[in-house]
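Both of the next two complexes hold subunit A, though its partner changes from subunit B to subunit C.
Then we have the complex of A and B:
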């Protein structure tokens, strides 16, 4: 009996020792390289004192949502080689679930020194005091002329809560074969929304004569980035005003834009209904299957969905059309943003900024560009994107589009809250259950209520 | 008599339809896991894969490290099973057999922990493990099992309470000490309760996502549920639904198998402890 008990206890002790063997130091991915050949930038101008201060050993914890699937390992390894005095500890989590983890870590006061998340979340962290203001660092170390305007995607007033991990703008994708078959000229950068609609009318076909449309001229999306947001801007309207604290939504121009958005489905019949779209796998899937001639395509979907699932698809892109009156262009751009934890130690904040300077340098931004899933923010790397040979070939539709006309999706600290409230009403408008005027009035009321709750504390 | 049979068959048909409806999502996942990428999202949908391929499983197991995740999951689950079953049996036995001051209060407090949502304790628990230096280890996922689990303690308590006292007394007279009585007499007699707890613990530990998400930081230590989550952003699996479905099949299969093999005991255990299933 005693022997049995002892064996049970022994098993437990062995289990505990196994666990202690998995202690933090043994498990974490810590690599200290001694490669001194690759040095940091602008080292030659620094005093001995500054160099000594900068090369103080620091352990920097970096949060990587999606791990190396999203942030290239080459970039991380390059940093280790360039800055051997900074020991990187990687804290990764699956992409979609990182928010749950980081929220707990912030509450527990144990967040990584630096991580990235969607821009709106970073604005929220800035507001709650968890993100470090990067404006002083940017002013001190960056040459602004080297970066596209979306460097400041996470700016609020005088403060900048983060810098882009990468951008994901939209462009007008078109199926060349469908255009050729209908003898319609390809879209150009001087197209307006009116031109796009007119071309879509010519491209919409019932190819087998059974009374139902087989090829749609335009695949109108229902979401924010490629759906109602660009359309609300298509006639010069707005979702929120410049302060991002007041809802606009139902002004005359916004109403015109949203009315045209709905007309593509119900009046012009150049686009499938939302339910048909969903049944057939969504806009990218329909476009890939040759069921749509044009769509607003987010940059990441090109490489992740179209090029992977439809390698033979003959498509390219043009810039998002100019507004109906031809006066301006608005290119929605979704950003993921790096931020530095405000409660990190000072040395770690500096080390984190060193990482960000490295990340924003032209060479590293070219690696970002090569991933194909995101647009860099460094202008030299943006030019490099244009030389990449993957489809779509006309990447200027994205790079120039975002540089000249890129806007955020009116992100603020309660962005997720107000856009979630607005989306079901936009769905009803798109389905024809609510007329645009009534729907936009309702959206303005609901969104303003949320903005008031968040900004009038 | 005839009406009785008709009634019975009618119930069976209703149950069979219900069971089939419940099975549809599983069958769909399984079917998609055996399809080539172009057939997964084909319109009209293909119900039976043609051609049938195991390529998705190969990708998941070899290229996406699911073998590693599975080994990690089994390690965490087995340690949890050992810890939970033995500690719960020990504590349940103590509550059932011994009288001591504050027993009722302690038992009530222990049961009260069942009512507490895990979200409430998530941040303080994370704080404790992080301060103890156990982040990125399996300790936060395993050690709690060794400290007793309220459902398990309750099941064993109810089970041992229902056994005749004479068993305990005769063993004591024969010179067996209380630990010996527990592990030589009571524990072997509580097989259905053990199996119930094994199933509950297995399912709980296997499906645990929040724990690994919070405490594990390096991918090599991920469990299967975490591995499944990584598929969404994986360049290999992100756009290939078939690979993701294969990952889901691999993650679900052990739980389904364990439940199928042990369901008889599960029902018995629930009945013997008076817990309605």
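Then we have the complex of A and C:
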């Protein structure tokens, strides 16, 4: 009997050891606060309430998709130094792996206390109840006049499901050398889409006379952020309506914008085809290689691609052009968004909010700005961005553009679903496989079906 | 006797527990989930046959099955035939035999991502190698994996999958060929049989159980193929005409967080594979020769 008991215990130990390999600890780096070398100026600015919180030690798990490549280590170390009572456990993984495993972590109830992801995903988490509503925290602790409007990019109704990790808007990038060679004046902030197209016609050249274009005036993109979304807005059209529950897509204005988008390739021939673009590495790569005079450039690509791979490229940016009739400007802005897990313990939620307040403070937002990969949300840091000497020098094209005319990509809880349905048809339109009217009609039908399924459940 | 049963069970129990936890439970649980609406956060909500009805009434679902069948139809015979021919060639006494065996097996251990980069270059419309050769011959280039014709796009990927999977099948068939008794081959030679006759009348029948096994495995791998589609198609801009069931499952589960429809699709795929395998087993006796 005794031997059996020992045997049963042995089995349990073996089984436990077999299962332990799948525990949540893998990929996590627990680091107690020891580094005091980082400036602790935050200590002086803490409120009484915060000082009370400090009496209670908390272990906060923080999810960092992309690790320190996406979120500066200096920021994390600064938090450790400023808040020694909070022990940080870093849960990091490459971006793709993180977004896959977070789904199962949420299902298992063991997601990090705080992490960030694409804004659309965060809206979905809010809808299912996995994200904490941050509106009460924001009302309690933040001075709204200190932040740009995209602080609320994860707002739905009265609830705010997250705050920005950073913004990634677009601007019109132009190659100064190509403009100079063609004696065409640089783009200005009062350019319309029409002006951009006319300039691109002058800049498109067959430099060696072999009958094929070597320098394109404009590198038209096919994706959503720098492709069809700004173009659908270029004549005042829309993808979804203001409620984000109804598809628009095929109204007259949207059709005009998308028709012009396609015309840049097939009629005006000022832009390469989608296949050429893809095979030559994408718009940023072609722009860097001097094969295009202008392109819509996402902020992060400036530092990640152009400044890194083409340090000698002589380029700058202007704001995204005004609509064809000159009446308005629309600047698409993609956000990654921090959220707090709704199932976290109350103490951990407060500690997570403490981290977010720290992250949104002017000093830390300046560190965000210096990373060059994202636009901060704090206005003081936004002004600081303009003083940075890295290319493009005219960073106001981004900071002012997004502050005054920034819009999300019509994100809602089923954004991933509807844009996945729309994108292949936009590709067909761009390739000339479908005409714009037929394609937009199809997109409207498909997207509306998805919206109905998700909002009328 | 009872004592030996006890110790036997004791030693296999960790594995039994593993199978129950990691296989039996997930399979049964996904069956249950297929009748629910579940976002992986809130408790599953029973919806009856809704997911199953939605799936079979969704035209994209049938397009996906058409594509997978077409993919399997190209992939399974081509891979088997090429693997058989190459295994036969490498079974002879030729120079650099080891080198050639390694070359043919190399794609099998090449990561899909790396393979996809090479094949995208080969299949490129403007600067791709295949179109370049076609244009040199005075022919028009064509879109391949990104063609608006579904049968060209899916067919392109099936050929790529043959390149990737042929090495493994070739190794299995080569091992089988090396087990063909030499005395039978020698006797056939003595009777005046040529190489082709020996291959057709002796080698192929003798290795037919292995050919059958590789065909079953290839069929299953064709229906469960995922990496080739994920790396060659952009999952965020996949047109319905090129959809396949596995990508539908991936999108529903991990991009949209809809585990109910995802589980339903996975079960439907399982049922289809089961039916195909049973049919293959039915035809097995007609052409597979077992030694006993």
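Going forward, the second predicted complex is superposed on the first by the 403 of 457 C-alpha atoms of A that agree within 3 Å, B and C clash if a C-alpha of one lies under 4 Å from a C-alpha of the other, contacts with A are read in each partner's own complex, and residues count from 1 in each chain.
By definition in this document, contacts are C-beta pairs under 8 Å (C-beta built on N, C-alpha and C of every residue); 3 or more make two chains touch, one makes a residue touch a chain.
Just so we're clear, the structure is a prediction, and the values are computed from it rather than from any experiment.
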Partner chain(s) touched by A:113 [first = subunit B, second = subunit C, both, neither]: neither
First, second, both or neither for A:132, with subunit B first and subunit C second: neither
Which superposed partner A:350 touches (first subunit B, second subunit C, both, neither): neither
First (subunit B), second (subunit C), both or neither touched by A:96: first
Contacts of A:69 with subunit B and subunit C, given as first, second, both or neither: first
Partner chain in contact with A:425 - subunit B first, subunit C second, else both or neither: second
Partner chain(s) touched by A:104 [first = subunit B, second = subunit C, both, neither]: both
Subunit B versus subunit C as contact partner of A:305, first or second or both or neither: first
Touching both subunit C and subunit B, counted on subunit A across the two superposed complexes: 4, 11, 15, 19, 100, 104, 107, 279-280
Interfacial residue positions of subunit B with respect to subunit A in the complex: 37-38, 41, 43, 79, 82-83, 86, 122-123, 126-127, 130, 133-139, 142-143, 146, 176, 179-180, 183-184, 209-210, 213-214, 217-221, 226, 229-230, 232-235, 238-240
Of subunit A, residues touching subunit B in the complex: 1, 4-5, 8, 11-12, 15-16, 19-20, 22-24, 27-29, 65-67, 69-70, 89-97, 100-101, 104-105, 107-110, 279-281, 285, 289, 304-305, 308-309
Residues of subunit A defined as touching subunit C within the complex: 4, 7, 10-11, 14-15, 18-19, 99-100, 103-104, 106-107, 124-125, 128-130, 273, 275-276, 279-280, 414, 416-417, 419-420, 423-428, 431, 433, 457
Residues of subunit C that touch subunit A when the two form their complex: 6, 10, 13-14, 17-18, 21, 37, 39-42, 124-128, 143, 146, 148, 235-240, 251, 253-257
